[in-house]
Amino acid sequence: MIETVIRKRIEVLTDTALVNRVTSAIDEAGITGWTVTPVQSGKGREGRWREERVMGTDKVLVLTIASQEKAMALAEDLAPILSTHGLLLTMWDVEVIRGDRF
Amino acid sequence: MIETVIRKRIEVLTDTALVNRVTSAIDEAGITGWTVTPVQSGKGREGRWREERVMGTDKVLVLTIASQEKAMALAEDLAPILSTHGLLLTMWDVEVIRGDRF
Amino acid sequence: MIETVIRKRIEVLTDTALVNRVTSAIDEAGITGWTVTPVQSGKGREGRWREERVMGTDKVLVLTIASQEKAMALAEDLAPILSTHGLLLTMWDVEVIRGDRF
Amino acid sequence: MDVTAFQTFTSPVVLFFILGLLAAFARSDLAIPEALAKGMSLYLMAAIGLKGGVAVSKSGLDVTVILALAAGIAASFLLPLIAYAVLKGFGRLDQVNAGAVAAHYGSVSVVTFVTAVEIYELRGTPPGGFMVAVMAAMETPAILTGLLLARSAMKTRQQKTSELLHEVFFNASVVLLLGAFLIGMITGPSGFDDVAPFFEAGFKGVLCLFLLDMGLIAARRIMDTQALTWRLGAIAIALPLVNGLIGTLLGAGIGLDTGSTAALGILCASASYIAVPAAMRLALPEADPGIYLTMSLSITFPFNILVNIGLVATFADALTGRGVGLP
Amino acid sequence: MDVTAFQTFTSPVVLFFILGLLAAFARSDLAIPEALAKGMSLYLMAAIGLKGGVAVSKSGLDVTVILALAAGIAASFLLPLIAYAVLKGFGRLDQVNAGAVAAHYGSVSVVTFVTAVEIYELRGTPPGGFMVAVMAAMETPAILTGLLLARSAMKTRQQKTSELLHEVFFNASVVLLLGAFLIGMITGPSGFDDVAPFFEAGFKGVLCLFLLDMGLIAARRIMDTQALTWRLGAIAIALPLVNGLIGTLLGAGIGLDTGSTAALGILCASASYIAVPAAMRLALPEADPGIYLTMSLSITFPFNILVNIGLVATFADALTGRGVGLP
Amino acid sequence: MDVTAFQTFTSPVVLFFILGLLAAFARSDLAIPEALAKGMSLYLMAAIGLKGGVAVSKSGLDVTVILALAAGIAASFLLPLIAYAVLKGFGRLDQVNAGAVAAHYGSVSVVTFVTAVEIYELRGTPPGGFMVAVMAAMETPAILTGLLLARSAMKTRQQKTSELLHEVFFNASVVLLLGAFLIGMITGPSGFDDVAPFFEAGFKGVLCLFLLDMGLIAARRIMDTQALTWRLGAIAIALPLVNGLIGTLLGAGIGLDTGSTAALGILCASASYIAVPAAMRLALPEADPGIYLTMSLSITFPFNILVNIGLVATFADALTGRGVGLP
């Protein structure tokens, strides 16, 4: 049987304009990597956004796998801009294989 | 230390044609928002679908963060069309920051 | 109240070139289906990859819902190529409705 | 007919379609990005709409146009009835699936029409510009007939009728085709000149790449499908033959020129694979897309492109006396 | 003026914009894929840059060009001051939102400029090629003024100034416009001939599809918004009128020809909806995009396309004596 | 040579490439959407294939063509041997990475070829149409040599050979290039006329935007990479020089005209960055893409575009006696 370990998976929904800020926070937290996936549309307190990507208001989802401790450091670091910049952060426990990488 | 609270994350895989039905169910459940992410291809009981997006049979993933109670209301509301319309719904607990928003 | 059951959700980040290998492993594990979602960019031990999709080095995320047992069989099957081929596998428990399908 | 068939197979447009089919059968990884395929189909609809509108702004609307519109709408309403009977009887489909498939065969395929126009222009029998409006008018009536046929068997929460009608009348292709048609009528030939290098000169080249993609998709679908029986395969060949015949007779009957007669024939012969499947997903979710998409897209569409466009033209020649069409 | 207004509404470019507006209001699902829309805007910027550079390589740079650049930069720096006063006073916005909106109205909209050039060429008063460089130069100064106006009210972690300046000076549209302009100057008319079929012949057609998309987006946004008051709506009409007037006076004052005068007017009248919103997201995240995007994109942009391009032209005619422009 | 070098740097195609390099080095956010970049590369391959096929349908196939094909295939098989020796020795790579990189240098870059053809046409020495077939034939043999060289060091679960051969022979670019080539041969000049406005008139313009993207990608990769040593950088310049020399000698040796000789030279000089990396991901996952992509894409590709296309042409002139090529 292979062995799995528990790590945190963090997903941050962010404006494309802010993606560098999020990924550099990940780098600073000492996390090994991150992956950016596209987003199509959404609705929040500011109403719907849909086709505004021509206008530079499109969003992406940044996902990263990290140890509990680094994940909390990242969340701590991003917390102040979460509400001001309309970011959405969720995190949960996942099993990974070869957990020493993260 | 920042404080996190537990919320449900629900993801619904749905035909693009049905996305309005799903998002209005989310709105009706009183959930604050939702986010739509793209999907490329897949395989299910009906076989593979891959390049059929020109044909209006493409799918998307709708994700929403809600309280346990609202999440169950949403699941309840969508349950009848899950099998008839080929939707796929998964939900799990996540930690969020500023949980009062959801 | 609708009834939900617990299943495993597995997500594998993989080079587009290897997606057939991953999906056939899913098929062989007897899992009912899978869904492929796109990925935009990322950073790992090999550095950033961003715009190299013209070059055939783009990645996708393959997600599949399965019973605990089939999920472990899949993880077991993919384990040997995880590090050699730069795959990233995470899995966690989710609630699904109509769990008999999976 | 020999000439037509020959012309079909030396047209780059058709050859790119065949290349797509062969590449998919050889399991090549050749693929056109989704955004591009959608973009090309928007381009083709805008261009065909504009060209039709400009043509009508020159020729004016007359009684022939009204008759052609009426004939097209009637055909779209009624052709699903034949299809339904065959699908339930010979095809052994249940009521819901038979209704869903029937709707596809009453509606039309824009790309089949566009390819036919290209080939008919090469032959010297171009269809009238107003046939674009006929095509747009034929897209949706069949959906209503198909739903009526399937309805009594429907069990799930009903799609609100108003919602469905809205979806049907304001779907992207109807809006773009008719909108561009109107723009063409308003700007006329002089306004069109400005945009002609884009919408006219590029047209056939874009059609080549689009048909390459359609060939890839049609062939991949048929290789992946499990839903198709030989009976359904046979119907997917028979219906375009029969419907093409009916359409051509109808066109000749109301006095259309050769090219427009053939165009009405190919509109009746063609089956929708964009607008109708989208409507069926909403209104008849119990119907199996594996059946209706594979029939319309993987069998009827290639059959029309490779064989039936030529057959219908030959038949229209015979009925109208070739040379009547304005070259 | 009658002629101009009439020409505007028979131009396919404007008609496609109206089609987009109507389709969105009718809640049609017509949509242009994102990648395509981005691609079209890159194409338009490369083409307009190239054409401007080639024109300048023919005419050479002289004192008029320097004056036009100086006038454009000054306008971009100063126009936000007027806008800010109106937005805080009559518009009842707070300091941060007033500063953010003001930055949009000092900057420019590439597509408004491009559409105006098309229409002014039809009228026989084409603007000088150097106006492309003026447009590129006007994109960013307004951002700095807007930030200064909003700054004292900013509470969050400050964007590093160097980072922001970099973003502002190397943003995609400035780089592409100026880069293509330089390439046009280097290659000159002979080098441009090679690529003219792509960048020149296709231009108006691409603009049609792009404006179709802009119409869809502008109308959808205004239907979805909750942030807009009638006061802000009125300002979004008044500012392009006033700024257009100022710009036209400025152009005539420094002795530009009719077409270039009108072009400077429309640059002042237009509001950014790409570069400035992106900068505001970074530098003024507290400002509400629902306000600045809806004003610039859903009100000012359509008003400029449908009405103001014609008004500014008429005014420029009067000020410069029509016929001065080289047809 | 002066003339060639000068022409290279006033060609808009090359200038857009330089713009891309500079924009990326300045850390601008300019980017071409992925779908568009893929679409442009499909367009370029379809167009170059068609044009080659049409040219061959005019000139016919003769012994020269057979010789050129044989020479190209032999070069693709054998050039990796030289590369491998240098990479292991001077470059200090291990067996697996040396094999992987060697495969890239035996194969070809479609865009380098296409750019060279544009520039050679400007010089009055256009290569023969059959060189497109030579290019398609040279894409894959090198992959086999590279794998043989690396194989004994491979540890992981072997890719099934049949699977790999399939991937290699039916990969998208081979299928599209050869398919379009055959279509061009079948339809000939008359069939091509229909689609020429799209595939011919737009060609250089699309190439401009594509090279803009390539410049952005090449520069960003070299800024992000950590894998590159100065030894490998030097090899990435030396190999195209040596291979270009060998290819030109080969072309002159089998009696090709000036343009085709230079084209064979640049095919040998160019390194793959699409087909081969994809194959290596499958077959040699242990090899580091950071090495092979950075070398082929960020060093060899720009070197070929900016310098080597001109050098090879000059050398081909000398060997064949300029003026032999049909202008």
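For reference, chains read A, B, C, D, E and F in written order, and residue numbers begin at 1 within each chain.
Definition applied: a contact is a pair of C-beta atoms (placed from the backbone, for glycine too) under 8 Å apart; a residue touches a chain by one contact, two chains touch by 3 or more.
Source: prediction; values computed, not measured.
Peer 1: How short can a path of touching chains from chain B to chain E be, counted in steps?
Peer 2: Minimum number of steps from chain B to chain E: 2.
Peer 1: Can you tell me the least number of steps between chain C and chain D, where a step is a move to a chain it touches?
Peer 2: Counted as steps through touching chains, the separation is 2.
Peer 1: Where the centre means the average of the CA atoms, what chain is farthest from chain A?
Peer 2: Ranked by distance of C-alpha centres from chain A, the top chain is D.
Peer 1: Using only Cα atoms to place each chain's centre, name the chain farthest from chain B.
Peer 2: The chain farthest from chain B, judged by C-alpha centres, is F.
Peer 1: Would you kindly state whether over half or under half of the residue numbers at the chain A/chain B interface are used by both copies, giving same or different?
Peer 2: different
Peer 1: So how far apart, in whole Å, are chain A and chain D when each is placed at the average of its C-alpha atoms?
Peer 2: 45
Peer 1: Using the average of all C-alpha atoms in each chain as its centre, how far is it in Å between chain D and chain E?
Peer 2: Centres of chain D and chain E (C-alpha means) sit 41 Å apart.
Peer 1: In angstrom, rounded to a whole number, how far apart do the mean CA points of chain B and chain C lie?
Peer 2: A distance of 19 Å separates the two centres.
Peer 1: Mark out which residues of chain F touch at least two other chains, giving numbers and ranges.
Peer 2: 31, 33-36, 38, 197, 201-202
Peer 1: Two or more other chains in contact with one residue: find those residues in chain B.
Peer 2: In chain B, 37-38, 92 touch at least two other chains.
Peer 1: Any two chains that touch count here, so list every such pair.
Peer 2: A-B, A-C, A-E, B-C, B-D, C-F, D-E, D-F, E-F
Peer 1: Over in the complex, which chain A residues touch chain C? Could you list them?
Peer 2: Listed in rising order, the residues of chain A that touch chain C are 1-2, 4, 7, 9, 23, 27, 32-38, 60, 65, 92-98, 101.
Peer 1: If we count contacts the way the header does, which residues on chain E are in touch with chain D in the complex?
Peer 2: Those residues of chain E that touch chain D are 10-13, 15-16, 19, 22-23, 26-36, 197, 201-206, 208-209, 212.
Peer 1: Quick one: which bits of chain C touch chain A in the complex? Just the residue numbers, please.
Peer 2: Touch residues, chain C against chain A: 13, 37-45, 59, 61, 72, 75-76, 79, 82-83, 88-92.
Peer 1: Note which residues of chain D are touching chain E in the complex, please.
Peer 2: Its residues touching chain E are 33-36, 38-39, 42-43, 46, 50, 166-167, 170-172, 175-176, 179-180, 182-183, 186-188, 191-192, 194-195, 197-199, 201-202.
Peer 1: Going by the contact rule at the top, pick out the chain C residues touching chain F in the complex.
Peer 2: 15, 17-18, 46-48, 50-58, 80-81, 84-86
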